[in-house]
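Look at the two complexes coming up: subunit A is in both, with subunit B in one and subunit C in the other.
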Partner chain A sequence: MNSQMLLTIVGGIQWTVILTLTSLAIGIVLGAGLCAMRTSGNKALDAIAACLILILRAVPPIIWLFLIFFGIGTGILEITPFQAAAVGLGLITAANMAEIIRGSLSAVHKGQWEAARALSMPAQYRMIDIIAPQLIRVSLPSVATYAIGLLKDTAIASTIGVPEIAFQATHVSQLTFRGLETFAVAGGLYIALSIPVAWASRWADKRMRLKVAR
Partner chain B sequence: MNETIAFWEQILPQLLQGFSLSLQVTGVSLLFGIPLGLLLALGLRARNFLLKAPLLAVIEVGRGASVLVLLQFVYFGMPTAGLTFTSFVSVVIAFTWCTAAYTSEILRAGMEAVPQGQREAAQALRMTPMDTLCLIILPQGLPIAIPALLGFSILMLQASSLAFVVALPELMSKAQLIGSNTFQYVPIFTLVALLFAVICIPATIVVGHLERRLNRHI
Partner chain C sequence: MVQLLKSVVASGQLKPARQNVLVDIKGLGKDYGDATVLNDINLTVNTGEVIAVIGPSGSGKSTLLRCMNLLDPPTRGILRVGETTIDASQPTTSKQILDLRRPVGMVFQSFNLFPHLTVLRNVSIAQERVLKRNRQQADEISRQLLDRVGLLSKADQYPSRCSGGQQQRIAIARALALEPSLMLFDEPTSALDPELGLEVLGVMKELASQGMTMVVVTHEMHFAESVSDRVLIMADGRIIEGGKSSDVMRNPQSERAQRFLSAVMNR
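Up next is the complex of A and B:
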């Protein structure tokens, strides 16, 4: 393992991080929408969202990536591997986020909704000022756990050619035939990237828990 | 539409052949991985840190590194160390490692959910530690872990599609092969997605019910 090989693999970190953050952002936005549909009280919307979530989660990520990249990509639209990976992983994340947000909503104390309504706060302020700040605090540990899982799942994007850690490792191992060190470094990088996220989430959770009504 | 269905009929036998291999590789990995996970979970109860440290390393690497990277490490990396495995064996090794690491946490949580009083009662009756484990803790702890274990098994079946990177001719490889010959990617991968959905959606619903039933008793 010389420095050239190491640098190539380390160069994949930025793509791994960008892909994780992009998919997470797409997932949170779409997931909030799916969750709103599920909790809207409208039976049809609820059923549609529940079906979408089931389907998104039932099919393995790699199949979604191939469907999007080779399916849409070779058709009308030009799509880069990164875009395909971000959309695919983003959609799967959305399904999981919807469930995480729904679980956290039920964890926000019922009295908070009732108090806001008793003060005749308009619905949007009730959500933005009272519920959302507590929702973020309650859901943080699950979102962080999911984000770590997603970080590792981005390795799948190497199969459609996103130049992230696993892709660079495959490239280096094909050039040098030194698979042992190469993939050990790649695996180590994933572990090294996930440790700070886990620490930060535990630290933030401890501080933010104080501001949630019980 | 009719064309697509005709095409599906034509490729379905090959895909089903691949799917049966996907199921086999998942099944074998779970068969090895879950008992290993139980051993890891039991090993972690030891007080000796020297014994615990290597077990912790196995678990942290199995959970922390991406399963795709584990797989490539075993298939492309081990030959550097003089160990060459077939793709089937590589997949089983990597998935068993991953399964053992994840299920050790699930099983540990299950055993910890058994009330402390059960352990104390067993001690009061002067049961040996082995009997306490086999007759008291495991019979109560394992059922608690079952929904989570089934949920994990579904994830492993999905992960088996990653085996195509080491050219194991499972569902994904077959689909990829047909795709590169016919360029009909959308119909092929739609069918593959449907095959996974047919197994995974009912399984997810059943696991959800089991989980809710278990929570009712707590």
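Up next is the complex of A and C:
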């Protein structure tokens, strides 16, 4: 393994990170929307959201990526590999986030909603000032776990040509026929990326818990 | 008090015809599915009056209180609070709901302070969002209120660092921060041991003596008799007896009320 090969693989890090963050952002925004539909009390909206979540989660990520990139991306819309991967992984993340947020919502005591209502706070402030901050605290560990899973799942974006870590490693191994070292380096990079996320989430969780603990 | 009322009337905040009756409830009922929990409730609350609502568990006391600020919307009947009237047979808009709640403060059995905000911010947040005070003004008023309930020293703590009695006094300050004309108390001392409950009752007594209109659902019989002007006894979703506190407490007319009072007094 020479420095040229190493640099090539390391060059994939930025794409892995950007793809993870973009998919996570798309997932959280759309997931909040799906969760709002599920908890709206409107049966039609609930059914539509439940159905979407089921479909998004039941189909394997790689099929979604192929469907979007080769299906929609050829002919219907001009779409880059990165866009296809971000949309595909973002949609799957949205389905999972919707369920994570819904679970966390039920962990926020209903007295919190009632107190905010009794103070005649308008709906948007009830959410922004009272519920959302508690939701973040409750859901952070699950979201961080999911984010680490997502970081690793971005490797499948290599199959449609996003030049992230796995893509670069495959490229290098094909040039050098030194699969063992190449993919070991790639694996090491994923570990190096995951650990700080886990640490940061544990630190933030502990800090937020400290406030509410007796 | 009379002076205050005169100035309020003079400033046109309240129409003279309505100055006395702050809350007017007519034929109010509440169903949960097939179960009727409130039936044919008629009640008026005058400005400055302190009403204690007592009765056995499951008699609908808390539900009545929660209907009065629409935390539980009534199924039947008409509810007027201040200038806002809600007819349960008509759909209500969220503006109507906010308008009705605006002059009503509420204190819960389980305090329901916001755990992620400091004590000071707990009292300030609704002032900023509802009264549109800026943060500095709101915090200033919050400090005065916390001082009034004897908890200024806790301003920068989180609620979890406060005892139950302290949390409930903070919850009272939080409700008072919106300058309510009516305060609803839903068993405010039931989650507290007797000593801590006393701190809370002390604050409530002071509030009553300052002329606050209060409806208090309680199991504190002494408070009901000595502080409130009027006592209502509820059973099976109805008000079965109501009147001057000492009369109702000492000389109940109906058999059901007698049974309840002898159970709570002679123990």
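Annotations for the structure displayed:
As a working rule, the second predicted complex is superposed on the first by the 209 of 214 C-alpha atoms of A that agree within 3 Å, B and C clash if a C-alpha of one lies under 4 Å from a C-alpha of the other, contacts with A are read in each partner's own complex, and residues count from 1 in each chain.
To be clear about the criterion, a residue touches a chain if its C-beta (ideal position, glycine included) is under 8 Å from a C-beta of that chain, and two chains touch if they have at least 3 such contacts.
As the structure is a computational prediction, the values presented were derived from the model and not from experiment.
Contacts of A:121 after superposition: subunit C is touched, whereas subunit B is not reached. When both complexes are overlaid on chain A, the residue A:179 reaches subunit B alone and has no touch with subunit C.
When the shared chain is aligned, no partner comes close enough to touch A:206: not subunit B, not subunit C. Of the two partner chains placed by the overlay, only subunit C lies in contact with A:137; subunit B stays clear of it. Touched residues of subunit A, counted separately for subunit B and subunit C, are more numerous for B. Subunit A has no residue lying at the interface with subunit B in one structure and with subunit C in the other. By the touch criterion stated above, subunit B contacts subunit A in their complex at residues 60-61, 64-70, 72-73, 75-81, 158-159, 161-162, 164-165, 172, 175-176, 179, 183, 185-186, 189-190, 192-193, 196-197, 200-201, 204-205. The touching residues of subunit C, when paired with subunit A in their complex, are 69, 71, 94, 98, 101-102, 104-106, 108, 110-116, 125-126, 129-130, 158, 160-161, 171, 174-175, 178. Listing the residues of subunit A that touch subunit C in their complex gives 109, 111-112, 114-115, 117-123, 125, 129-130, 133-134, 137, 208, 211-214.
On the subunit A side of its complex with subunit B, the touching residues are 54-55, 57-64, 66-67, 70-71, 74-75, 152-156, 158-159, 165-166, 169-170, 173, 177-184, 186-188, 190-191, 194.
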